[in-house]
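Chain nomenclature is as follows: A, B, C and D, assigned in order of appearance, with residue numbering initiated at 1 for each chain independently.
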Amino acid sequence: MSSETLPYTVKPHPVTAMYSGKFGTWLFLASEVMLFGALFSSYVLLRVGAPAEGPGHWLSHHETHLSWKIGGFNTLVLIISSVTMVMAWASLKMGSLQKARLYLIITAVLAVLFVIIKLSLEYIPHIKDGLVPSHSNFFALYYTMTGLHALHIIGGVVVIAYFIGPGAKLYHKDPEYYTNRIECTGLYWHFVDLVWIFLFPVLYLL
Amino acid sequence: MGEDHHTPGFWRRYVFSIDHKVIGVQYMVTGLTFLMFGFCLIMLMRWQLAYPGEAVPVIGKIFGENNMPGGIMLPEFYNSLGAMHGTIMVFLGVVPILVGGFGNYVLPLQVGAPDMAFPKLNMMSYWVYATGGITMLVGFFVKGGAANSGWTSYPPLSNLATTGQTVWLIGMVFLITSSLLGSVNFIVTVAHLRSDGLSMFRLPFFVWAQLVTSFLLLLAFPPLEAAGVLQLMDRLAGTSFFMPSGLVVSGVPQTVAGGGSPLLWQHLFWFLAHPEVYVLILPALGIVAEIIANNTRKPPWGYRTMVYATIFLGFMSFIVWAHHMFMTGMGTKLSAFFATTTMIISIPSVVILTALLISLYQASIRFTVPMLFALAFLPMFAIGGLTGLPLGLPASDIALHDTYYVIGHFHYVVAPGTIFAIFAGVYYWYPKVTGRMMNATLGKLHFWFSFVFINIVFMPMFWVGLAGVSRRLYDQTVYAHGKAVQDLTITSSWGAWLLGLAQIFFIINFFISIRRGKKVSNNPWDATTLEWAAPSPPPHGNFATVPVVYRGPYEYSVPGQDKDFLPQHIAAEA
Amino acid sequence: MAEAHDISKHIKLYIGVFIALAVFTVITVLASTIEAGIATHVVVALVIACIKGGLVAAIFMHLKWEKTAVLWLVFGICAILFVVLMAIPSLTVNDLPPQAHMGTWG
Amino acid sequence: MNVRMRVIVGLVLALAVLVCFDSSAFGQAEGVDTSGMTIDGNYGYGLPPDISVHGPGIDQLIHILHWFMVLLFVGWGIFMVRCLIKYRQRAGHKAVHGSVKAKPAKFLEVGVVVFETVLLLGFSIPIWGSIKNDLPEPTDNPLRLRVLAEQFAWNFHYPGEDGKFGKTAPKFIDAAMNPAGIDPGDPNGEDDIVSGAMHIPVNRPIICDISSKDVIHSFSLPVLRIKQDAIPGMRIPTWFQATKTGTYQVACAQLCGNNHYKMLAPLVIQSAEDFAAWQVEKSAPAEDFDEDEFED
């Protein structure tokens, strides 16, 4: 069954006021909320339940060696990438694939920059210093949460790269369908940004 | 599957198909195979339970010296079989059959859609599921055997377990991902692809059940995925999410960082696994409601009540999970809270069951094979539900927690309950899928033998449980109270083996009817819902003309009509 | 869906949101350096994170312009379950039986 | 024909459920011999013997619940079987399209709600509270002991004469000599007893602080209607009072590894004098801990 003959792939459904892809993306994001929610819940539990001192205690700021400067810079990188992502969609709405592609490329480059910063300035030096996941529950959570988040970023980059490259052919066939797909990608991308907005203070500042 | 590279389109048509019907059949066949495999595991275990320490006759030798030296099962192999039986039955058998199989095949037809909302995603969820299933099976071949910490995988035991546990976790991550993709697809399909005139309250009950189930899968599974990732980290990266400080294993103090909480896993696990119980039962109720409506030739009693009860069940199922954890050291306030929510959740179940029973009143009951299974479902589900009461009350749970009573209870819900509903569904929709009926005589033999034997399997477990015998024991006779009920355990085992034999009727019937079954019309059961408006088997795109719906799903025996059924898509004649 | 000339208006909004997000990031970092109890820090950081998240969801994810009750229904269910999920820590840590003791040894 | 068989099967099932309690008569006689040990009590198909003060409450609740279940099930069953016979498809019989007003169903549902409320508020919560919440006061002269589970044995740690537990830590653990890890330098620990068998005095409140060294176990005393998970990193109290002397079994109810099934210990309930004598004998300085025959 080719998706063209299915209703509401492009036009919004009268009741839900969304086309299928957008509704599906939102549902997927709802499950993502539960996924990261469970991790945040574990964070609270392990932090509150940790012994005050001795083995297994929760690390203080001095012990974590996490730099808010790097984290803050990465926050800015992600926020900018969110802006360029939404600009890509806006450009498509205004009829310019050229501009949209440019914005998508910037988004992908920023995303890769985020991952590179994370790896080269945080993960690798930390692991060299012995601050590995098994070091403490803080680092266990830090690596799990940021690692899962980084995987989401990498997944996003793959999708964006697809829409810059081969996926863009769809624009010439059905510009609205393509625009919608970029909107869904955007929803996902903003969600990944949103998760980082919570991860940053929780891991770097509190 | 053949190596048919020459025929173009073979792979796209039968293997990587995006047609919901092909995917449904793929799910169904894979699921039934896993169901049979999981059942074989338990039949093997039942030998050890019945005759502890004796060599398994005939087949004992083939499992190798690592598992069964001289044909005698080792405790580690027993634990592997137990854990894999639970996992396979729940995550690889029943859920894929109910949601992936019936849901995929029937739901788009019942809402009058040409396909699922996202056909490619649909194909992907099947193949992710298949990958997960194969991963699970790989566990049997790694060092130390498959996962052996129970299907609940409680840490720290599972953290310390052999490599099989890692394989299990990876398999689970695949299965969860597959379910998430599937549930998104179902919800959007129901929301967007309904035929004209098919309002929400004209949906067949089966569709409602699938819809609520999809929400449960969508929102309950991610926490388990998170928990699975945490346990993988514990096992592979040496973290201690679930490892408290001061662990001493075999006299050796552990060097992990510590500070973790073993109960965190249980909370996250049961946050999924209780809704999962309703994932196992709601679609089954949906199937049974369809078949009862069709074979009583009257609208089921209280359709709206049933729908509301189902939605309420779905909601409540998220706030009862800690009744699995009464014995973990819970205070009075919490146990009272979870006992109360547990009592509350029993009410909608009673409502649905009562509604289905009242539907028999003033009916005209046809005892077809699917109807026999659907009817048997009712008392079996009743026993399963009622025996949940002593477990939901914390005081009686003290005596019965983690005993065979629990095993009896949930097996009555899912084995003669859900699995009977699965059989009912297979017999009911088989003519839609193949255009041919399954043989009724073989079907009736299958039903009666299954019905009798399945009760012989599970009924004794209540006595064994009341006697205080713990579950998951390799040999219960070391306990005085276990030895006293050993003969009941032997009875259960014989019941299980005979039940296995009874399935031969089904297997023969299933395969022979594909070619030899009686050819039937598009609507052999004189049913009203939309799937019967499509040709049997439905072609690509399902309906020749897009159906328009004029009425509710179960207009049977409408006064003043020639026939005793009025399909949803037929415009009314005066 | 918004028309082209609306979109050009939106773009200004996007830039505005970007500036707001950047400013809030700076504020949250600054707030964390002020001497105060951990509870205050948690509240301030989470409130700022929620405002930032709200901006992203409302503007970048177009929730401000969505006219859909169904989506809010999904959000509602999700929000309730999220709250339940976040209650797990207190379930594990609080309401132990009397005289229960954390730790095996001692 | 189907109908008749259905009736028979239904009746057999109902009967089977009916005899489900107080059916120890089917069981074996007193003094079952397992693992070379004589275990007291009469074990059968029903609940095991009950020798605790709070046990009758739990048993009563279980009995009431089962009568209720049988009543409801038989009620449903009669209705169902009647419907199957009366409304079977046959010539000249037609189904009624209209919906019946099912008042009895509403009564039934309300009845179930009321009944469950009574069970919950009247039985379950009070019993649970008394077992898990209302620990005996020091004036009740309870015996407090620690239960330390490990793969695959139970360690029972008694405070000895002084009533004080010695400090424990993992580093002091010695599988043979000091399985509970008692600090040899702590004077409180000098008279502590660690046993692989659980000895308790009859008719005296016992408080067990339950914990585990390694994985999660579950401390189960079927004859005393006691169960509490042994969770590493937590020490959770539970209490009971035995009413009868004899030798019984401590069971593990939670899967804890390969030899989970063998993780049992003798439970010896003694008169106050015998228990005192046992304590004196055990705290004699010769061997602090004798290897228990139940340990692997």
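Everything that follows uses one rule, which is that contacts are C-beta pairs under 8 Å (C-beta built on N, C-alpha and C of every residue); 3 or more make two chains touch, one makes a residue touch a chain.
All of these numbers come straight from a predicted model, not from anything done at the bench.
Ranking A-B and B-D by contacting C-beta pairs places B-D first.
Rounded to whole angstrom units, the spacing between the C-alpha centres of chain B and chain C is 36.
Averaged Cα coordinates give chain B a centre that lies 30 Å from the centre of chain D.
Chain C and chain D have centres, each the mean of its CA atoms, that are 45 Å apart. Taken residue by residue, chain D touches two or more other chains at 132-133, 170, 181, 213, 232-234, 236, whereas all remaining positions touch fewer. Chain B has residues 191, 219-220, 223, 244-246, 260-261, 263-264, 268, 271, 329-332 in contact with two or more other chains.
The set of chain C residues that touch two or more partner chains comprises 70, 77-78, 81, 85, 88, 92, 96-98, 100, 102-105. Chain pairs that touch one another are A-B, A-C, B-C, B-D, C-D. By the touch criterion stated above, chain C contacts chain D in their complex at residues 96-106. Interface residues of chain D, counted against chain C in their complex, comprise 132-133, 135, 148, 167-170, 181, 209, 211-213, 232-238. Per the touch definition, chain B reaches chain C in the complex via residues 191, 215, 219-220, 223, 244-246, 261, 263-264, 267-268, 271, 315, 318-319, 322, 329-334.
Only residues 2, 5, 9-10, 13, 16, 20-21, 23, 27-28, 32, 34-35, 39, 41, 43-48, 57-59, 61-62, 65-66, 68-69, 72-73, 76-77, 79-80, 83-84, 87-89, 93-97, 99-100, 102, 105, 108-109, 112-113, 116-117, 119-120, 123-125, 127-129, 131-133, 150-151, 170-171, 173-175, 181, 213-216, 218, 220, 222-223, 225-229, 231-234, 236, 248-249, 251-262, 264 of chain D touch chain B when the two sit together in their complex. On the side of chain C, the complex with chain A involves touching residues 1-2, 4, 7-8, 10-11, 14-15, 17-18, 21-22, 25-26, 28-29, 32, 38, 41-42, 45-46, 48-49, 52-53, 56-57, 59-62, 66-68, 70-71, 74-75, 77-78, 81-82, 85-86, 88-89, 92-93, 102-103.
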